[in-house]
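Have a look at these structures, which come just after this line.
Consider the two complexes below, in which chain A is the common component and chain B and chain C are the respective partners.
What follows is the complex of A and B.
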């Protein structure tokens, strides 16, 4: 078990490193000179003076080779310092500290909703295979999955305002305020098809197993058969979807925070993109990637707890 | 007579792979609906310029923000442009971007996936690692970073080229948008294709019928054509259908954020983002592109599911 976790960790570290290097190189070679960018974004009266630019570059250490600068950045990031914003000059850390909790709270709650509701609906659909209930659940999930959140979000607002004369749910007032309800539902329901599909397939696979038939034959009540014998093997394929789920939720939160006026990482991303604020964009990409990779790591680690056979098979495949 | 009787069923069997799959697809009503909608989308995209009642850039400032009418079926936007025409041109944008993205990600995926599947061992382990990393990247953000960071240098390069050569081709930077959009999307989307192709190569390569054909001396191109492709094409077709839908959503997501295909070139994403500013007063500006995008993505997911059931019958067990 310990060896398994260790082997996962050993794979995780170079992945994060390669990702960082790629994105840093992209910005470094692609976007060009940060000093020039600062000048271009400064208010109009600042003249672009090559000599002055050279002096600033010298002072900031920006004429050193790429790898040296990357090493520097890496060292700072490892110590938790993402540098300063090109636009406002504020430290990126403080911007992220303000925004991250909002996205994390909503995102995590959304993921919990999807997982619980999705497993329940998926199991119900599987138990009623090809009946009306199954078709309704699967069709509903597919339609919601098909409509992008930046379409469904505004449409819900339109319906709420025009149809029910409700106020627009806009802004952030803590996780437990009613303002969060609509964005939470949109974020949580959209990727539910991922979970429902896996849970349903898992149930169909398990239903024909001998031990389920035995349990039924022994006269164990149906509910108990479902909870004890069917649910547990269903959890493994569902957990394997969590990486995808996290990516979907992060992508969706970038798209939807603008719609509902949530001051989270998504909105920070949007403003940073519009003003080409690279230190901020770099930091957000990093944080998002680390979140996704860490959740993949947790999924990998949780496999042997859910199903020791699956873990044994995975390690075997690699060797 | 006897010869005919024998030949009949044999001929049937020759086309049975396609026929069989098509029969199963036709039995699935949702998949047929999806297929029809997707076909309509392709026709609209292909014949767009002949179908639009107005030019997508024509501004009629006397008829701004008009609700739907017989002159303007979907109304007009804040510059008096006909929304129906813009939605149709948005379909062109979506289809062009989706096809190029899927095409390039298939090429990258075919290259990397077949290297992994063919060589195996350490090469394969590296390929799998590369696939894993790329898949665990937050796709939307990375596409955005590529677009935002490379765009200025590419535009500068085009400008410099124009100054140098005076060639009109370098003056039109819309192509930069398109190339960056599907280039960056292909760079993020290839792992799924690579994973499918690698898996198919590995599973088909050691199947008994391939080994038997090899032993019988069938030539390699013939083995690939007769045995490998028919037995591995199913998941690839399903992938293409799903990926086309995903690419359209991704494209409109980031033109929604103001990256990617930029106004005045219509994309459903930037039309939705325009509509968001005025929906309280003119909900039709938002409704038309949003409905188009929703219908198309749902159509692709119905079609994809139907194809999956039709082409991978072994999944049923």
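What follows is the complex of A and C.
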């Protein structure tokens, strides 16, 4: 297992390098010039003086060749320094340090809630196949699957404010503040459908297995059958969805944080992209990719714990 | 049943913490401002960006234009020039002090302006105000540290030498965007701007009616409280809280509900229906939007095509297509609001038959021979509506089919970029002066002529404007020459008039005395107050 983890970690290095090079090139060659954008924020372009813009670019070191700039950037990143924002001059590290905990807290909480609720609802639906409860849960899952976050977020706010005369739940006051409830709900609803459907399908598959029939024939109480014999095989495919859930949560955090004023990486991403502030964009991309790769690694590691057959297969492959 | 269930859920949420907006604290009035961007830079030396729109809250300008457009002393008590308008003497008010009680000195003013001009500071508009000061260009291009035209005479007097006569230099420097800062705080030993010197955590001292109490740039919340040493009238508000709310629909609901009182800028297609006409309304601005032609690109290289394209569009319908509920008005001539607007200006006619005849007289002869016409600057739903109206008129009147629209030129790339023939953008002036307005719009040296009109140059127009710019503000020839230049420009058929801007208040009706000037600044922040009874 240790060897497996180590080999996965080593494989990260070229992936991260290619990712950084690609994003750097995309932002460098494709997006708007950050200095030019600063000037274009002025009304009209009466203040726009190409010679002055060039002088500013030179002062900021932006007129150097691509590879020189990228090399410098990489050397700093290796030392844990993401550089300074091109727009504000602030340290990107300090911006990330402030934003990352918010996104992690919200994201992890949403994933935990979604997983627990989704698995529970999926199992209940599977155990009550074709009954009213199953139809209600599957119907609910279909509805929430069909409403994207960019619709449900603003919609809930509109209902709260216009329908129920409530304040907009806006801002960040810690994870245990009531302000977080609605963003968590919005962040979790859509991916929960995926978990519900996966868990339900897993239960239906396991229910027809011989060992479940045998366990029931032996008179083992239903709850024990569910917990001991059904849940474990059901969890394996569900856990594989957690990796996708992390990606969905990170993607959705950009919108959720904007709509609900959460000072996390998502909001920082939006601001950085709008102003072509590529040191910030690159740092966020790097962090997002590390989070996704870590979650995939954790999912891989958890397989053998849930299903010993996966461990045996991996050992065979390694040999 | 379902409704009751939803009601119960909401009641539960209410008990957990969401509740109808609480009335403001009794100790004073708090103005809550919605800010659309998570701004990481609130330096008063950047001259642009959304944060620059709140500079008058915490920085005292050299001078300012009051509500009636009168130039009013502020940090500077007296500004005089020699007979040639080339050497100016600026006198700092004896009352002008920073929030720590120390006087604002000539060194602070000169130091601030030099620091603003240096390229590393990235001040985006300093050339509008100080571009004619001797030595500005060298500093601006990084070839010198200080402008030779700025001289400290004594602690309260500055002498400014310009490279050319400028009778409106005093008006140009009447802006909070070059407000003097305590230079010892802002500048490091190498002549660069210190990082984050403007944050209250770093002990910034300010000169305006309010001072920052806290700045959480990561959360996007800035609070201002009255400056106890402000040398002007005592502010009526006890606190201003600027909160970043980037999502327009969330911002709209917060304003509707009274959680927010004002916005830095908020544009949505339904803003008037949502927040009422008063929110967007305001005094007319010396600024107008037009669709500019690039005469170096076919088919705009033929004046008859330009004529045809202009005459096929009804300017009134065009403005209505974009803003059916106002508050903007259809444009005609370039000049707007400033003294010198040409009362007998011959507007471009809406003349479908004339348009057809002009196209037939062009070297292209008919619409089928015209290359595809591409617009840029179609960056909002309102501009899209306007551009679509134009395209539809061209199709109906002239039979033109090939029209394409893109957002701002910087936000897309590709081979199309080299074939843009029409650029939607605004032109205007921040001083009440027709010459300044046209110099920035139609003179060949203006960014508009160089970038939007593909290097447009009419020697006669240039000569008239250059001549006008040397005349005194009270010299009637200044205006008559400008008007003549504008008419000559008109005959080149270089634009489709679109609409004239207003300086939107972006505040709910209960916010009083929130008038803004052409620099987007609240004119007299100390007078702003809230009619609590008007809040929802």
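Just so it is clear, the second predicted complex is superposed on the first by the 251 of 319 C-alpha atoms of A that agree within 3 Å, B and C clash if a C-alpha of one lies under 4 Å from a C-alpha of the other, contacts with A are read in each partner's own complex, and residues count from 1 in each chain.
Criterion: a residue touches a chain if its C-beta (ideal position, glycine included) is under 8 Å from a C-beta of that chain, and two chains touch if they have at least 3 such contacts.
Given the structure is predicted, the values throughout are model-derived calculations rather than measurements.
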**Study point:** Touched partner set for A:19, first chain B, second chain C, both or neither
**Key:** first
Review point. Where does A:247 make contact in the superposed view: on chain B (first), on chain C (second), on both, or on neither?
Key: first
Review point. So, does A:221 touch the first partner chain B, the second partner chain C, both, or neither?
Key: neither
Review point. Can A:51 be said to touch chain B (first), chain C (second), both, or neither?
Key: second
**Study point:** Contacts of A:284 with chain B and chain C, given as first, second, both or neither
**Key:** first
Check your understanding: Now for A:71: first (chain B), second (chain C), both, or neither, which partner does it touch?
Key -> neither
Point to revise | More chain A residues in contact [chain B versus chain C] | key: C
Practice item. Mind working out whether A:296 is in touch with chain B, chain C, both or neither, as first, second, both or neither? Key: first
Check your understanding: Just chain B (first), just chain C (second), both, or neither: which does A:89 touch?
Key -> second
**Study point:** Overlapping contact positions on chain A, where the chain C interface meets the chain B interface
**Key:** 30, 32, 154, 157-158, 161-162, 258-259, 270, 274
Review point. Hey, which residues of chain C end up touching chain A in the complex?
Key: 7, 10, 13-14, 16-21, 37-41, 46-50, 118-120, 122, 124-128, 140-142, 195-196, 217-221, 243-247, 249-250, 253-254, 256-257, 259, 287, 408, 410-411, 413, 425-428, 440, 446-448, 451-452
Review point. Taking the complex as given, what residues does chain A use to touch chain C?
Key: 30, 32-33, 35-49, 51-52, 55-56, 58-60, 85, 87-90, 95, 98-99, 154, 157-158, 160-162, 164-172, 177-179, 181-182, 258-261, 263, 267-268, 270-271, 274
Check your understanding: How about chain A: which of its residues touch chain B in the complex?
Key -> 11, 15, 18-19, 23, 26-27, 30-32, 139, 142-143, 145-148, 150-152, 154-155, 157-158, 161-162, 243, 247, 250-251, 254-255, 258-259, 269-270, 273-274, 276, 278, 281, 284-285, 288-289, 292-293, 296, 318
Review point. Which of the residues in chain B come into contact with chain A in the complex?
Key: 30, 125, 129, 132-133, 135-142, 144-146, 148-150, 152-153, 245, 249, 252-253, 256-259, 269, 272-273, 275-276, 279-280, 283, 286, 290, 293-294, 297-298, 300-302, 305
